[in-house]
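Worksheet for the structure shown next.
Naming follows writing order (A, B, C and D), and every chain is counted from residue 1.
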Amino acid sequence: MAKTRVGIINVTGYAGIELARLLCRHPEVELTSVTGRSNAGKPLAEVFPHLAGIDLTITPHLEAVDFIFSALPHKESAQEIIPMLEGEAKVVDISADFRLKEAENYPRWYDFTHPAPRLLEEAVYGLPELHRDMIATEKLVANPGCYPTGAILAIAPAIKAGLVAPDIIFDSKSGISGAGRTLKLNTHYSEANEDTSAYALEGHRHLPEITQEIEALAKKQTFAITFVPHLVPMTRGILTTAYASLVPGKVAGGRTGEDELVKYFEDFYQDEPFVRVVKSPPHTKHTLGSNYCHIFPTIDRRTGRLVVISCIDNLVKGAAGQAIQNMNIMLGLPETTGLESLAVYP
Amino acid sequence: MAKTRVGIINVTGYAGIELARLLCRHPEVELTSVTGRSNAGKPLAEVFPHLAGIDLTITPHLEAVDFIFSALPHKESAQEIIPMLEGEAKVVDISADFRLKEAENYPRWYDFTHPAPRLLEEAVYGLPELHRDMIATEKLVANPGCYPTGAILAIAPAIKAGLVAPDIIFDSKSGISGAGRTLKLNTHYSEANEDTSAYALEGHRHLPEITQEIEALAKKQTFAITFVPHLVPMTRGILTTAYASLVPGKVAGGRTGEDELVKYFEDFYQDEPFVRVVKSPPHTKHTLGSNYCHIFPTIDRRTGRLVVISCIDNLVKGAAGQAIQNMNIMLGLPETTGLESLAVYP
Amino acid sequence: MAKTRVGIINVTGYAGIELARLLCRHPEVELTSVTGRSNAGKPLAEVFPHLAGIDLTITPHLEAVDFIFSALPHKESAQEIIPMLEGEAKVVDISADFRLKEAENYPRWYDFTHPAPRLLEEAVYGLPELHRDMIATEKLVANPGCYPTGAILAIAPAIKAGLVAPDIIFDSKSGISGAGRTLKLNTHYSEANEDTSAYALEGHRHLPEITQEIEALAKKQTFAITFVPHLVPMTRGILTTAYASLVPGKVAGGRTGEDELVKYFEDFYQDEPFVRVVKSPPHTKHTLGSNYCHIFPTIDRRTGRLVVISCIDNLVKGAAGQAIQNMNIMLGLPETTGLESLAVYP
Amino acid sequence: MAKTRVGIINVTGYAGIELARLLCRHPEVELTSVTGRSNAGKPLAEVFPHLAGIDLTITPHLEAVDFIFSALPHKESAQEIIPMLEGEAKVVDISADFRLKEAENYPRWYDFTHPAPRLLEEAVYGLPELHRDMIATEKLVANPGCYPTGAILAIAPAIKAGLVAPDIIFDSKSGISGAGRTLKLNTHYSEANEDTSAYALEGHRHLPEITQEIEALAKKQTFAITFVPHLVPMTRGILTTAYASLVPGKVAGGRTGEDELVKYFEDFYQDEPFVRVVKSPPHTKHTLGSNYCHIFPTIDRRTGRLVVISCIDNLVKGAAGQAIQNMNIMLGLPETTGLESLAVYP
């Protein structure tokens, strides 16, 4: 039987390139079309020598495929995808264009009016650990942002179990590739190297996604969430440190309480192929290049505060890997197909 | 007049080396004696080629000097310094041995019984921005830890003004040199590079220092403080992100409140030569190699939470530079002498 | 049919860990035994969290397997392997203990007398691009060093074609993981980061290997080879720049000569699955995490000198990946099995 | 007496910023005017927060000063400087516009016809170690390129002494800041980090400078020079490894010859304040942030080849620091004024 043909719209950004890297080695699908603007007409392997040996040419428009990944920037992605939804192909959109359920969040956070608010209801937020069943049956999946993936996975078990007060701080540390391949001064090597800084203190676009999913998990309770992203000098990886107050009486004090906490997390993720509750503080390097998420929940003994640390590779579980995980679910393939690679450590 | 002769005990760790770098170019004192164990007998410039041209030999014991810096590890530093306090020379101790006022904190946090609890009362906590007058008159100054320097300076104005509830989170990101020159697996290049991780979640030794100074500023109000340090892949720099709830009614809402907040910080630091309240989120690179501390206070508009970001070079303002700043004060020299170098950017 | 059982002696160094990472995902063999000294008794996944999910315990001694990798240091590796050669299992030795044909090179370069000089004749130097046929039939394969892999592959086509004078300079730039997992000051993060240096100017142990293979290719002509390794601040990758004088009359002048040169290289490597002759100067990042070697041959137009640049991942093609490539050949498996992953770029 | 007023044309590139950093702390001159295009009208300390406290505004045009540094790109620098030479102010040009003595090299290497070939004769190549006397008396000094500074200083003593055959290879490894502050893909963080590559294999613009100075030192003997620059993932520093054949009979064999070689170098640089002949292979980190150049000459014992390694900070001795060294000479100040800072190690 012929393999499913898949295409990548805008292969030339980091999410698109990472999709190509993984899809070229996926045993059950065939990457047959990749688009790009600036490099249209060139062999993919010439523009990206690490793909030497892959025989594909970057084209301006997508050729006929059975499954589509859009790695376009927000707003452009919706414009390009909406007409394609008339066809047979299922779609995973890596942009933010179908992540938010409330249409008014688009002008507020992304500076454009959403062209198809009705689709926001139909699209599934593609975090398999929360929405696997819906992902399996819908045609359009909105792949989560990199920060939200790490943040939501870090706190979801505690939210689900009603352990925490509705007031959470996410302090995230991201590698620079999260800022994309577009040239900017803050991602110029000499500026970003040997430097750590916070940014987007006035509000980062990933905040409404995080809030939406946490509040949904909490059965629509309202949460006050502070999210401060930081850039640290490495290419890949996001470490998120989540802080929240425990609701009194939910877990015991001392060591017993910590064990109970860990049990909540282990139970929540027990059947998840890509989430591991670990026994010591995780390192981003433990997930580099892989689709895994490592999570370490603990209680700060002096203050009784919940502290959870998660890490992912922002380009894999935080983008291309999760998109392929979604594709596997949507196509009825084993969920881990093509994503089994272990982290490249050290 | 002969210059003041200064000596460094244990020049071979990173704090000691940094003292040597700065003192060799200090115009008002003369570095005349440096000690070390493993390298005793060797020329300083042979062990540390970046000091090529400096004519000093590492000796096992300190020679006669007028001013002493101890860069020994904790416990050893107290043992070495205590007899020296009989003499004329003033002392800045870079270790933690005289930072904590409560003697029982030493067995609890540092695993030793303090040999001279009485000196804990006399020693001054050497953060010039809080204790300049006492530093000027005392004989023994305990140089603050690197994390506490960044954390306390970040929050002090808000504490002093009574703006915040007694519940603070410090999320700190440190370069690797903060872990010292002793070889360990977590500071082995291939382990630390391209990696970010949290550590000391069970409680970091710098926490009691931070708590002590904040509670003193708050007139002995008790604070619940969570401090989570992280290692990020750079050599120098600490960025601290402080989170606290504002006491209702202390600052106005919206932009006005932010302006009021900034005003509290600017007033608090207006005469400080090494602290700058900056108008955009600071980068550790802005202070690399220098004795400056940059601070950015803001209010998270959605939650009304106070967020303050500070950065320092952990080896300068966080160790050797601050030690020399203390020396300048103790010797009656202009406080900035020998510390004027600007950050090495980019 | 049961899969071939493979074992790794000394899994806890970087070559051993990298073998584990790749073998755990190899579809045709099963990693069933891993040994280590300091961590014997611990689960592999506890010591190396990036292997979370792998159910293996580190043992002090190898269990019964069908194929053995030794990742021990030199001298110890020979001691451990020699008795094992009595059994049925084939062996790939990652150490230098069977690479050199002349027994007297061991005391000269490695400070020990070889315990079994006869085996030096039998062992095959495991560079598949030069010795594939012998690798397929021998029981003991000596896996090449990381520098020699990059250096020999860079110059082999020119040597084979008799293009160069017997005088070559290899200037190599290596990531820090090449220096291993043992703690040393020069691989301490704060020393190696933001630093580049040359080392081993008195002669590096990989030189006799390089010389041996080049002289063999040149039909025993003697070569004067200068090899200067450098450490650059990255974890993985070796870039080698080779300089040699062209024998007059072998290639034409100008552009034609360059095309002829490229043709020699392309022909030499045309059937090689892991070597790519590329059209622009290669980047180590193009091979990071993969078993590929990229090679760019060119002629310095002003001097007529041959300049060839090669790059590999020192832990994959330079160690564990090449060892598995050898295993595949020795077991009669398709040579690329388990090694198809593309480079993790960016 | 009023301090000499100095100005920087184009302060916003890395050489310009570094000039500002150093000149703001120079005790004998006063930085009074800084120009820039994109940021004209803004306070210098707002655009560059590491200069917080410096009270200067970036202006579109230079104000009246006594000494001028031009940090403009080539071609533009000549255009701007030439009219200024009518005035009293002396000029150090950091661009390449007055480095090359032969006017025809400008169209060949820099794609423009030189607007004032006559000035090429008058301008002095500002390498104080070779041309101090002429620097002291001329009005226009062409500050050397970063690579030429390291390369020429590495080989000059051997050239002067007639030790080497006229055939040299310079293999240089540069930090990324050498590529400037202009945004380009190859200096985008995620591309340059964890990567090493060679570039400009068709010929780098710094080659004619290197050749010019070496041939002048060799009394116009013609040299075949191969220069291959590489980018390594660090912000600052250039390490150059120079390879040359020794002229037979010039130095003895073995250890004696090495000692003779070192003596040639030590004698050549004995009075130089910023060049140190070191006894072990230098590290770029040993000169980071400082104006020093460390040089290690040795002989490869197996081949008898001369190998010399030099390192500098490309922005200090390779640009701004050397420019100020030239200024000091031109103004009759002690040559080291304002440049005494030691390297920021680690």
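Going forward, a contact is a pair of C-beta atoms (placed from the backbone, for glycine too) under 8 Å apart; a residue touches a chain by one contact, two chains touch by 3 or more.
Quick caveat: nothing in here was measured; it's all calculated off a predicted structure.
A.B. asks: Based on CA centres, what chain would you say lies at the far end from chain A?
C.D. replies: Farthest by centroid: D.
A.B. asks: Give a one-word verdict, same or different, on whether chain C and chain D use largely identical residue numbers at their interface, taking over half shared as same.
C.D. replies: Since more than half of the residue numbers are used by both chains, the interface counts as same.
A.B. asks: Any idea how many Å lie between the Cα centroids of chain B and chain C?
C.D. replies: The computed centroid separation for chain B versus chain C comes out at 46 Å.
A.B. asks: Mind checking the centre-to-centre distance between chain A and chain B? Centres are C-alpha means, answer in whole Å.
C.D. replies: Here the centre of chain B sits 38 Å away from the centre of chain A.
A.B. asks: Where in chain C do residues touch two or more other chains at once?
C.D. replies: Those would be 14, 175, 177, 181, 190-191, 193-194, 233-236, 282-283, 285, 288, 346.
A.B. asks: Going by the contact rule at the top, pick out the chain A residues touching chain B in the complex.
C.D. replies: By the definition above, chain A touches chain B via 167, 169, 171, 173, 175, 190-191, 193-199, 201-203, 207, 224-226, 228, 230, 232-237, 239, 241, 243, 281-285, 288, 298, 300-303, 305, 307, 309, 311, 346.
A.B. asks: Taking the touch rule as given, give the residues of chain A at its contact with chain D in the complex, in rising order.
C.D. replies: 14, 175-177, 181, 183-185, 187-194, 233-235
A.B. asks: Spell out the residues on chain D that touch chain B in their complex, using ranges where they run on.
C.D. replies: These residues of chain D touch chain B: 14, 17, 21, 24-25, 46, 48-53, 177, 181, 194, 235-236, 276, 278-280, 282-283, 285-290, 292, 294, 340-346.
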